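Next come two complexes, and both contain subunit A; in the first it sits with subunit B, in the second with subunit C.
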Partner chain A sequence: MIDFARVQKELQECGKDVEGSGIRVAPKSDATLARLVGTIPGPIGTPYEGGVFQIDITLPDGYPFEPPKMQFSTKVWHPNISSQSGAICLDILKDQWSPALTLKTALLSVQALLSAPEPDDPQDAVVAKQYLKDYQTFISTARYWTETFAKTSSRGIEEKVQKLVEMGFPEAQARTTLESVGGDENLALEKLCSG
Partner chain B sequence: MCVFSGLSSQICTFYQKGFCAYGSRCRYQHIKPSQSQSFTPSSSTSSQQTPVSDPSCTSSSGVALVPGALTELSASGRTSVLPKQPVWKKKYDQHEFLEDEDVGEPTSLRPADHPICSFAAAGDCPRGEKCPHIHGDLCPTCGKRCLHPFRPEEKEEHLKMCEKKQKHLEALQHSQEIECSVCLERVLSKPTAAERKFGLMSECDHPFCISCIRNWRNSSPTSGLDVNSALRACPICRKLSYFVVPSVIWYTTKEEKQEIVDSYKSKLKSIDCKHFDFGNGNCPFGTSCFYKHMVRPGSYVWKYHRPPPRRPTPRRSDAVDNMEQAVDLDTIIEMGDLLEDLMDCYIPGEDDLDFDEDIDPLNNLSHFEMAFILSQMGTNEIDSSSDDDIVSGEALPYMWQYNKSCMANGTPIGPKLLLGSSDTPRMR
Partner chain C sequence: MEDYVSVDSDDDYDYLYYDDGTEDGGDSDRLEFAETKADADSQSVNVKVITRESLLAAQREDLRKVMDVLSLKEHHARSLLIHYRWDVNQLLSGLVEKGKDKLYAEVGVTILEHRDLVSSNFSSSKAKKSTVLCEICFEKVPTNVATTMDCGHVFCNTCWTKHFIVKIKGGQSRRIRCMAHKCNSICDEEKIRMLVSTRDPILAEKFDRFLLESYIEDNKKVKWCPSTPHCGNALRIDDCNLCEVECACGLKFCFKCSSEAHSPCSCQMWELWSQKCRDESETVNWITVNTKPCPKCLKPVEKNGGCNHVHCICGQHFCWHCGRPDKFHGGYHSCGRYTEDEQKTRNAKRDLQRYMHYYDRYKAHKHSSELESKLQKTMKKKMSELEAREITSKDYSWATEGLNRLFRSRQILSYSYPFAYYMFGDIFGSEMTKQEKVIKQHLFEDQQQQLEAHVERLSSFLEAPFNEYPDNEVITLRMEIINFSTVVDKLCRKLYECIENDLLGCLTRTSQSIAPYMSNGMDKASEVTDCKGL
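Moving on to the complex of A and B:
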């Protein structure tokens, strides 16, 4: 059984320090506290700087004696985060979990992971390979992904997708095309039309 | 005047009850209750005889007008005449001081026998300086006048007790503020009494409530958490602690912690170890066991001076993986706590009962409670059929096996509980 009293307390604690840490945690819906959304700012001095990353949090029944399940819902280019699913490879979210950790401290650790990738223990092999073999490309790709998916301006991407869908393009295709051209609506349309 | 002499033969009931407002000026005789029986007849005869025969009595009745003269006169002359001295005279001096003192045996009372004023001892005596009772000395700890000035032992005892209580109170106050790092609540503000206990880690000083830390240490390793590196470690500093001690107060010094741990261990030491079974069983903790290992005459150890052989583990090739479940020392200790709690239920009013006697807590338990204890240990299925020769009757129907790797390290910790039909998955 989830200790909701503790979750409630954690949310309060986290809310007090939003200015300082930039980390927010909020319930996904009013119905339950078991599903939450965490937000972390990209660490300064990294290709993730300036981005705001959203993380889906699901609390297991055994919380806080079991680690919370965390997954990026914002796309990230990082050796330890799946570029496809957003799954995070971080020890404290697995076998190094401790009940003294909180959602906030766990999110802080995720934030720290962004600034200190561990390419030798990768979650995404492609990214890790790029990180080790072609660091410059990795940096630019990561920055590009941040610009495209993690910037507040990119929040409008949903609207652009919606527009393209209304024009008659399938949603998935519209989305990937938009992503591939960096969110430019006209370029995406051009690309989609050219086939 | 004659009225006086007549009245003086009557006994003052107020004086006998302990307090006469007239004191020495009272017209009635001030006689102690114990003396009144022997004295009354003689006084009554003397008063009857006064007008008739006894010359000394006439003189006494004559001087009754002048009380001051009477005192001297009777002091010099009367003593020899009457078998007993009149009490009102004899008691004159003491009466001033002990007006409402217990009249039982005022003369024989040593200062140490006087009780102290209970009002003053409780905090405030309305009579203040005028109070006829002894006011006790001020106790520096509790600030009450409750130290008897003439009873040194009692004084010592009170001082010691008071100091101890005060210390406990301070520790308790200090403990109120302590939060458990797992549930993030104040441990002593938890809803049920059972939860309002700290769990002291043996190797570090981080506070948790006993339920949280035990929950953590006993949590199923399904999530990939390793028993030795994660579960037994302190959630905050990750230092490995082999046991957790329950305590109602939080300590501030190393000595206090040691005291709590020692008293807990000594409490466990007075309870017979179920695994050792008075020399018939095999305790996996050996000499490191917290419980009492008492060899009963006629037992295996008594006869052969070595523990009974361990039965080969009943491994079934197909179920091996499902049979093992690690249990750490906590669980055993926790079981002990549970037994204590149950014992308390069984023997109400005998809280100070010494477990040193041959009381077997387990024998007091019904099967239901046994099942409860075992379920506390993380299983609810018991297979007693294969272990008959190891344990008998009500004793624990499971067996122990050393965790080889732990033994290699020299630590007695980390035995694995083998359960015949447990379907809990094997931990990694």
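Moving on to the complex of A and C:
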């Protein structure tokens, strides 16, 4: 019941502006459009700057009349994102969702959330407490997590291969594709997805 | 562009409303409010029963008030009323406080001031602009298959319909907002009905039902009758914090917690008790209260009347509560009292015993009142036999009133045991000092036992075969029954007062309260069933 025609159009629309926004959306596999991977660059001037964050997207049957389910697969230190599961606390992904929003606008909102945390309505109580009580430590922890988990160059090739295998690509193909794009996970993913 | 709002009436949804007559509000007998007031008690409240049929009328009454005062369309009035939980007065004071614009924006009511102008503009531009881009499906569609809401947002009918279906199925019929991002406007229910019914007529009917039922579910003053299978009624009460009511179907329930009427046990205590009974009944199989062994011959004896003194075929009398042989039939006894020596056993066993002590008595009185309801039939027979005789007084209200007093006081006794179990148990008892608890428990048990003894006496008098008595003995019995009924009534009132003021009133950590004592029974939400016509 998912409106795949609309999802297709959304992907095309989003693809046109990757340069401008840095936001990408791609299917996890060729099999279905119901499971996607979104990528957002960490906003400049935040401890997330320089990082590239991946978000697992699952479309419910009622999409776009029901909100997409989004979850960080890249570990991130943020009051409104679970440091354990990557669950995101964002109103537009819940009751404030509108069918007029798109995956791209939703990802833009997630990106905006990285710039402007709302510690009073936390998803991760530990992070929120640190944010309010010891802001400096929060900043350095968030930056450390960005360095460790969200920077392509910092991740070992094996880990990236493993990740692509988990997404459903054959290991050998994942490895050669990764090598061909110089280890850039996102480029490799795009290449793998486009066939 | 054909905006659906200009389609003024459609047979598809006319079934919802009453025929012509009701629309002008003059058909008052359609309002099936059976309105009664409990007689003597000053405490009595106004209870109305709302049947499925009158639900719409009751709702329309409140809608009409708001539509008239604010000159609004029905779906706008409904949105405002749902926001204020169907309290017209609160809505009107909210309006004064916040002002129209702020309130409407908050609730999501968008009024088109110049609808005619807008639609004429639309029709003139129709020729130029015959398609519109739907921003949901990204398709260009002809304007005649797109719909504009009050807020001015326009999307294609297919998308609107899908949106409505998701919302209705998600249980959000009462507040379906526009699809545009950050548009708080509530969608016009006529347009929703129209679009959904072409795709899924059954769901459109459900939508109407949900809207109707919001009147009950979102309404502070109205509750569904908790009967199963459901009788279809809801009750409406003005000004009730805590009271017990009787539905037209006969079910008596607590208006606060919607479970069976349970005073003089508080709502919280009753909930704990019901849960405990459910838990215990699964593990322990001692809830067979129908027979008990005779203390003399050990044969199982079945209880055959409401009286708690039973007679075995061997001739032995014994107390159903405690199994103690007791030859004074109906005499005063104190077996409902919980003695301290019984507490000397080990904890777990003690707790179970304590529970069983209270449970047995709770159940015994429940059981008695079930058996006593059979008394009604025999009573009727006895009275008709007396009526056939030449006797000075033909007034037998003493018998029926005595019987009603017996039923009510049995219930009270029954629920006084779960109350005592919790009041003097670990959960609430710890809010008192040990000494305080002992004193209060004695105070309570004295009253409870006094009431119990009198109830048993009343029960035995009413069981007497007075239709076979000579006239002078009938007159004596009549006096006894009248006297005992009066005393039982007073004792019940005293027990309620003691519980509310001296016992629950002294709890500091929790706030417990009970429904007030109703001497003449609960407020009934229908014509009073005439006890005299038994």
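Quick notes
Quick note on the criterion: the second predicted complex is superposed on the first by the 156 of 195 C-alpha atoms of A that agree within 3 Å, B and C clash if a C-alpha of one lies under 4 Å from a C-alpha of the other, contacts with A are read in each partner's own complex, and residues count from 1 in each chain.
The working rule: contacts are C-beta pairs under 8 Å (C-beta built on N, C-alpha and C of every residue); 3 or more make two chains touch, one makes a residue touch a chain.
Being a predicted model, the structure only gives us computed values, none of them experimental.
Superposition of the two structures on subunit A shows subunit C clashing with subunit B. When both complexes are overlaid on chain A, the residue A:Lys94 reaches subunit B alone and has no touch with subunit C.
When subunit B and subunit C are set side by side, the one touching more residues of subunit A is B.
Judged by the touch definition given at the top, the superposed model places A:Pro67 against subunit B, while subunit C stays out of reach. In the superposition on chain A, contact is made by A:Arg6 with both subunit B and subunit C. In the superposed three-chain arrangement, subunit C is struck by just one stretch of subunit B from 25-33, 97-105 or 277-285, namely 277-285. Common to the subunit B-facing and subunit C-facing surfaces of subunit A are residues 3, 5-6, 9, 62, 64-66, 98-101.
Here subunit A touches subunit C in the complex through residues 3, 5-6, 9, 62, 64-66, 92, 98-101, 105, going by the rule given at the top.
Listed in rising order, the residues of subunit A touching subunit B in the complex are 3, 5-6, 9-10, 60, 62, 64-67, 94-101.
Residues 135-138, 159, 162-163, 165-166, 179-183 of subunit C are the ones touching subunit A in the complex.
Those residues of subunit B that touch subunit A in the shared complex are 181-185, 206, 212, 215-216, 219, 223-226, 229-230, 233, 235-236, 238.
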